[in-house]
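Shared chain: chain A. Partners: chain B in the first complex, chain C in the second.
So, the complex of A and B:
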């Protein structure tokens, strides 16, 4: 990895005129007076705040839109033609935290490094210039360090860490290296390294929430029939909010929508949630997971067992967006700690 | 900044020029492309099931379309939707494929109204298959319950075509009522083949039924064969293959030599959508054909 440092104000010379720019924008305040941020398009750096704590939604939607047309059929006489379009415009996303970037790295595994690479995802991913930034302080009940997503080593173009009046910059791609030629940078010094490590240690020490996950693949298997699932499942409203805000939930459904004049039909992919009632329903009406508890369990099972078996790491990045967004107050750390306690009893 | 980042387009990928191979890593671009196919015949099997004979419109597509018994295809009915369907025909027939489809949901209901000549789309074939080559030189039990005969007909055809490669062959089929029996016009043909034992059983006989009555496991009572030289393929509803496989275990057949085919609703067929996950195993990539030991270890499978 190549490193540089940039003076903070110099960094804002960095601008992509032809790109759609996305960054953390303040959109309001919550009941406690805390600002609410979302990743939204911006036209000037004044509109975004790189010192934000966290966003309500992840930036997933810019790679996996909630709704997208996979292909269109047009009908003529007794025949049809299928049209597929993968185009996506160049985009700059700035201000992704380590959890978001680790989320993208995990999605890369699912959509790029498999038997059937997904062209829709790959096109968006390749056309997006990702600038990440380290968190200054841990977010509310975030447990990223427990799942190893508090640091990033790849999956970005540039990655910034605030070290006082300068940014410590990790360069993750050749296009980022070229982009940096246009602004004033400095090679790193021993002192910069020191400041970087200090900033990181300060963050790590600040993380209060920890949860044990390395034993979960085994534990989830043993506790498959545990009462813990019923306890949390009874609270679950099966609304799917957790999956919508999650940086890594990628399940979807495909439906076809026919135009009013019957000349055209669109095959539309819509992100889904395994907590929704009909997720595992098959033709004829049988539902393999009819109760909220089995669906909730499945979500944890997929994140902490299935994904670990396939890729050697949990799917969860510990951002706790689902925990904060849950209308029923279900927090992933509570569910996991409950399971761990169950084991001790 | 334009020279910093060249817009990326999957269509410029160089590996796209290779011929498409359905069974290996797909060409990026073609992942959602349906191949045009024409329904050449519709055969009514029962009130609920029809057999669709389908052939590719473009001969070139046909040359590349090679499947194995147990695999499935995503059948697209433009305007209605896409459904996963197992092959019901022999892989060696290079002119048409046959899909046996029950009227169960939105797409299949529309499909049942389709007439000869309708143009549908095919994606695939996808998934794992019955290891027929490995089974050669052994006894083979082909067991189906209800609609399970639809996917089982592919390995049955394979075994009949390669009869000399197998020792004893038993085809056992059970259904609830005689009116629900699929492919009844073929039993006569299978019966007449020397040295293939076909037995059909129903749970609720009608007045004209003269065959055995009861559950499918009853048919296994009379079968004696060396367990260490026997493979079994079991297709049917989970409750059925659970009991059948238990019986086969008692007969001494290793669980890794019993193969079952699982069914889930699939929205993509290529390991993306997660809809077919059992626990966290993709039915579309790791299945639909599993050995029974694997199924025993899948949570929620049965």
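So, the complex of A and C:
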């Protein structure tokens, strides 16, 4: 890895003409006066705040939109043509925390480095210049360190760590190296290295491992019929909020939409959630997972068992966005701890 | 246009208003970008707001409004006989709507309150399905025109007509709306059927449930959450009662 440092004010000279720029913007405050941030388009760096604690939503939608048209069919003269559009405009996303970049690295495994690569995802991913930044403080009940997502080694173009009046910068791609030629950078010194490690250590000391997940795939198999699922399932509103705010949930449904002039039809993909009532409903109306508890259970099975079996790591990055967004107060550390207590009984 | 040699049938449509504000009917004439195509896809034989023609020969009857007079009962029964498909259009037709609030009061005093010394004939407000069988319901205050268009495609092409089974929360998330509970407001979004694209929460107003319950809403959990967040029972009850869509759980 190539490291440089950049003076903070010089970094904001960073200029991407013709790029749509996305960053953490403050959109308001909650009931307790706590600021709420979202990844939104900006036109000037003073609109964003890189010291943000966390965002309400992940940046997933910029890579896997909530809704996208997979293809369009046009009918003419007793025949039809299909149109598929993979193109995406260049984009800069700045301020992704390690959890979010780890989330992208996991999505890469599913959509890019796989037997059936997904061109829609790949185009967006490759046309997005990702600038990450280390967290300054742990977020509310985040458990990134428990699932190994508190540090990031790849999956970004640039990665920043705040070391006072400068950013300690990791360069993760050729294009990032080239982009940096246009602004003032400095080679790292021994002092920079120390400041970087201090900043990292300070953060790591603040995030204890709150939940052990090493043996979770096996535990989940053993606890398939545990009462714990009923306990949390009874609370679940089946509203899909957890999957919508999650940086890695990627399940979806596809529907056809006929235009009103009957000359065109769009095949539209919509991100779905395994907690929604008809997620496992099939033709003929049979629902394989009619109870909220079963649906909730399978969300945990995908995140912490199925994905581990396929890729050797959980799908969950420990950001706890689902836990904070859940009105019913269902959060992963509580559910997992409950299962583990079940074992000790 | 023809598709695979098949010429689409133009369904004959009639629109009828009962006790309502006629806003859903106006919706039928909204969404200008596809209005010409919409009017081309159907044959409107009766629609007081849009056309002076009137006929009893129709395939689809779109019923707007609830029933609140005896003559409306008879009129509705006649329409049912004529229509191949009867659609309840909007929250009033589906649930009774805002008009249903009248049922909470003594009819005589409600009549006096509104009409003074010139009382009108009135009965308790009832949704369309309480009088005649309804084939399809499109709830909403007002209805979404996109959903009406989807219904037309369904009738013409037999494509599925599938309103979302999930609650409004999904649509709030899809448009980056901050949860109104987070801002200290009550919102019926978690128990209300999506399909409206959640415009009210996006505008800072909690959902009042005009589209009625989502499929199998978790009332117990939702009511516990509302209570825990400190909202009064009366506030919850007023919201649930507003469009008359949650009669199955109203605690009096």
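Odds and ends about this structure:
Here is the rule we use: the second predicted complex is superposed on the first by the 342 of 345 C-alpha atoms of A that agree within 3 Å, B and C clash if a C-alpha of one lies under 4 Å from a C-alpha of the other, contacts with A are read in each partner's own complex, and residues count from 1 in each chain.
FYI, contacts are C-beta pairs under 8 Å (C-beta built on N, C-alpha and C of every residue); 3 or more make two chains touch, one makes a residue touch a chain.
On a predicted model such as this, the values are computed, not experimentally measured, just so you know.
Of the two partner chains, chain B is the only one that A:282 touches; chain C does not reach it.
Of the two partner chains, chain B is the only one that A:16 touches; chain C does not reach it.
Of the two partner chains, chain B is the only one that A:116 touches; chain C does not reach it. When the shared chain is aligned, chain B and chain C each come close enough to touch A:78. If you count the residues of chain A touched by chain B and by chain C, you find the higher number for B. In the superposed model, A:175 makes contact with chain B only, not with chain C.
Looking at the shared chain after the overlay, A:311 reaches neither chain B nor chain C. Look at A:255: by the touch rule set out above, it reaches both chain B and chain C. Annotation: chain A residues 75, 78, 255-256, 258, 262 touch chain B in one complex and chain C in the other. For chain C in complex with chain A, the residues that touch the partner chain are 1-5, 8, 34, 37-38, 40-41, 149-150, 152-153, 156-157, 159, 162, 165-167, 169-170, 173-174, 176, 178-179, 181-184, 189-191, 214-218, 220-222, 225.
Within the complex formed with chain C, the chain A residues making contact are 27-28, 30-31, 36, 38, 40, 56-57, 66-67, 75-76, 78, 234-241, 244-245, 255-263, 271, 273, 276-278, 292, 325, 327-328. Those residues of chain B lying in contact with chain A across their complex are 1-5, 7-11, 24-26, 28-29, 31-34, 78-83, 104-108, 117-119, 121, 263-265, 267-268, 270-275, 277-281, 285, 299-300.
Within the complex, the chain A residues that touch chain B are 15-19, 70-71, 73, 75, 78-80, 82, 84, 86-87, 89-90, 110-111, 114-119, 122-123, 126-127, 129, 175, 178-179, 182, 221, 224, 250-256, 258, 262, 265, 267, 272, 274, 279-284, 288-289, 294, 298, 301-302, 305-307, 309-310.
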